[in-house]
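Multiple structures follow.
One chain, chain A, appears in both complexes that follow, with chain B as partner in the first and chain C in the second.
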Partner chain A sequence: MDHEITEQNGVRVVHLHGPIDVSKAMELRDLLGTQIDSAAARVLLDLSQVTLIDSSGIGILVTAHRRADGQGARFGLAGATGTVARVFEMTRTNKLLSLYESVEEGVAALSG
Partner chain B sequence: MIARFRREAPPAADLSGRLLGALSAAGDYRGRLDAVLDVLKIVGGRPDAYLYVAEPGRRRFHLEHTRARPAADPTRAAAGPLQTTLEGGAEWSVPTPPFEINRLDEDAEPRVVTSPVGQLYSLPVVAGDGELIALVRTGPVAEESVPRGVVAAYDEIAAPLAVVIATARREEELRQKLASATAQVEASRKLAGSAVDVERLVALLLDLALAGTRTEAGFVAVRSEGKGLEVRTATGMPEDFADTVDLSPDTGLFDWSAAEGGALFLRDFEAAERLGIRSLLAVPLMEEGDPLGVFALVTFTEGADFDENDLSLLEAFTEQIRLMLYNAQLFGSFTERYLTTVEGLASALDARRPDTVGHHHAVSAIGEAIAREAGLDEAEAEAVRVAGLIHDVGLAGSAEGSWESDVEHPTIGASLVAHLPLHPGVSGAVATHHEWFDGWGFPAGLKGDEIPATGRALAVAEFLVELATPDEVRPGWPADKLASELVQRSGSQFDPPVAEAAARLLAQDALPLPAAASSNQENQEP
Partner chain C sequence: MSTPETLTIPSRFECIDDARRWVTQRLKAAGFADDPVGEVELALTEALANVIEHGYGGDGTGQIELTISDLPDKLTVRVRDWGRSADQAGFESRDLEDPGEGGYGVYLMEQLMDDVTREPQADGGTLLTMIKQRKEEHDG
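Entry: the complex of A and B
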């Protein structure tokens, strides 16, 4: 799926583009699996360019979050607005995930 | 005046922005139409504006909204004819635009029309698919045709204006349907909302939500006691979806637990992929921290995604479905407890005399068997079973052995359960189990089909149990005597097909009659 990866303060920031639905879930799982590869991994997903997320996309994010927790790594999400932010609220997953307003805020939290 | 006005008018982009701004979630339907007509007044440079919307399937428009000078406005009143009042005085009447107008071919182009409110510019509102969905009119004007400048200004905003009108209309229709569905939910809950009604209404709400969000498919799954989620209604899903989808909490399609605050997401996206699902948005239906069910919208085609308006609508429907399921659950558990109390009361009545111990249970079991044999459907057979357990409970409401207790106990008993959301055959059977097929029974003297099928079945069951049970003065009747008695009373006391069904079961020794009545005890015959 369409993405770039940058590194800021030791945090890998994955900038995603477009919708995240069932058709993209497999790719997203592989992408996050590669990035969350050790206890030292600090991964922040930038959702500011994501237009839509469905229950399958959220499923991958929760799984990634749990995996990161399990191995002592850290995983966060930044920049969710509009429909994406609403979907997190409606599915009540906003409390389960680490959501940050902006990439800067997320990087500060994960690198600390 | 128009030229001067147009120099001051905001650029078309601002007007388009103002129109689309009217679609914000906070706006109501009238507010959106106000915005449309206000923009039109600016474009036309006229004080009054009217919106006529096309009626689906008819060559007609009706006046949906008006944004005109108030009736008291002297400039407006002066335009109308002077009318003489009954008292001999005179007053200006305020002319009104026609409520309905016929659709003409000329309506597809900008033109000037003459109406009771004067000459007006009439401008077409065309949806994306080319359909003429409305006419906007503004005036009064003196010209015989719409000036080019106005047409050009209107062209700039025509597309967003059509979007706003179409969207506002669609949302208003949905709002009205939702309001009517909510009213039905309330009514069914207050009256006799059986489980069947809840299913029907959940299906209705699902279909409305799909129409409102222009989504092809969806389903509602409800958590049932002791089990996981079960699909209650589905639209547009693969045919065997409800039976084959795995919704179990540990391995199924969704990961969902109250422990995580009801957070709901898709666990098995590969299963969703196998079903051909492109995107799936499932929201939890929660009640005070308890998960009640899941409401899911599904798309199978690319490009059919949800926008923010869809999410707002989805939230509104989620709330309705949640409320309905909660009410149904609340009322359902209340009914169960209440019914248990009534059954207990009926059993306590049986226990007062040794020869009636177990009477209600026997009538219930035999009644259910007869109902099935006589071809009543599953729900009616179940209604006979429940009615059997409580049919004489009305005897508790009057002095034992009194004339009133004998005559009124069916009515009193039925009144104890009539308000519950049960199959109507339950209270019907309790109320009529002493009616005779030929109209000679009590309390109402009903006959034939006036007596519900459940009542006709229960009547035979009670007769068999009473005569099969020995009492102080006579032994219990054996099966063959009961069968011949049924034949004799068929068509008078009993509905013939029901009597025949019971006789067949007696011949097969298939009825759980009280012990004294088994067919080998003919020697006890009186």
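Entry: the complex of A and C
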């Protein structure tokens, strides 16, 4: 999966690129599993360059959110636009997941 | 895109991207704006994932035939497979009050497209037909 990871104010920001569909689902699960690795983990997924997310991707984000919650870590998503943003609304997962308009906003929320 | 066009892909998850690109190129050439293109891309992704997972049970040796046709008032995408016809229970939308790992696919297809029908075929498999009405704002 095309991505890079930066660190901002103690938050690991995972910048993803391109479509996230079922062919990338296992890779995304492994990537998030590696990053959300302790109670101290603060992980923000930058979706601003993601062109599509399907139901398998949504499911993995829900699981990652619950896992982070369960172990006291923090996990958020930032920068979703267009159909990607709408999918969170359509599935009502926007009420469960921590969604931020921008990476800056997400980093500020998770590092606080 | 005055006449219907057809693409056949193997029943493998990694081929969904090729199918999506193929459809996207045609929609953009036909003048669809970014939003409806994104909606059709996602509906197609869910449809193909369903066929590969449930119709073919993950067997990558099957075939899937896509047909796209564009009339002045609507776009039609057909997905034909020769796998098992999934029972209707496997085609129901999930309970949105209980977010989970899966089951959003059919629900999303129904939300993203104006009409979705699936018909078992006499010689096996299923024909899924998805229709997107052309709206003024979609003509970009």
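Keep in mind that, in the parts below, the second predicted complex is superposed on the first by the 112 of 112 C-alpha atoms of A that agree within 3 Å, B and C clash if a C-alpha of one lies under 4 Å from a C-alpha of the other, contacts with A are read in each partner's own complex, and residues count from 1 in each chain.
One rule holds in what follows: a contact is a pair of C-beta atoms (placed from the backbone, for glycine too) under 8 Å apart; a residue touches a chain by one contact, two chains touch by 3 or more.
Since the model is a prediction, treat every value here as computed from it, not as a measurement.
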item	value
Partner chain in contact with A:5 - chain B first, chain C second, else both or neither	neither
Touching partner for A:82 - first (chain B), second (chain C), both, neither	both
First, second, both or neither for A:40, with chain B first and chain C second	neither
First (chain B), second (chain C), both or neither touched by A:92	both
Touching partner for A:19 - first (chain B), second (chain C), both, neither	both
Touched partner set for A:59, first chain B, second chain C, both or neither	both
Touching both chain B and chain C, residues of chain A	19, 21-23, 51-52, 54-56, 58-60, 62, 82-83, 87, 90-93, 96
Chain C residues within the chain A interface of the complex	13-14, 16-17, 20, 34-35, 38-39, 41-42, 45-46, 49, 52-53, 96-97, 99-105, 107-108, 111-112
Chain C contact footprint on chain A (complex, rising order)	19, 21-23, 51-52, 54-56, 58-60, 62-63, 82-83, 87, 90-93, 96
Interface residues, chain A side, partner chain B - complex	19, 21-23, 25-26, 29, 51-52, 54-56, 58-62, 82-83, 86-87, 90-93, 95-96
Residues of chain B that touch chain A when the two form their complex	254-255, 260-267, 269-270, 272-273, 277-284, 286, 296, 302, 305-308, 311, 314-315, 318
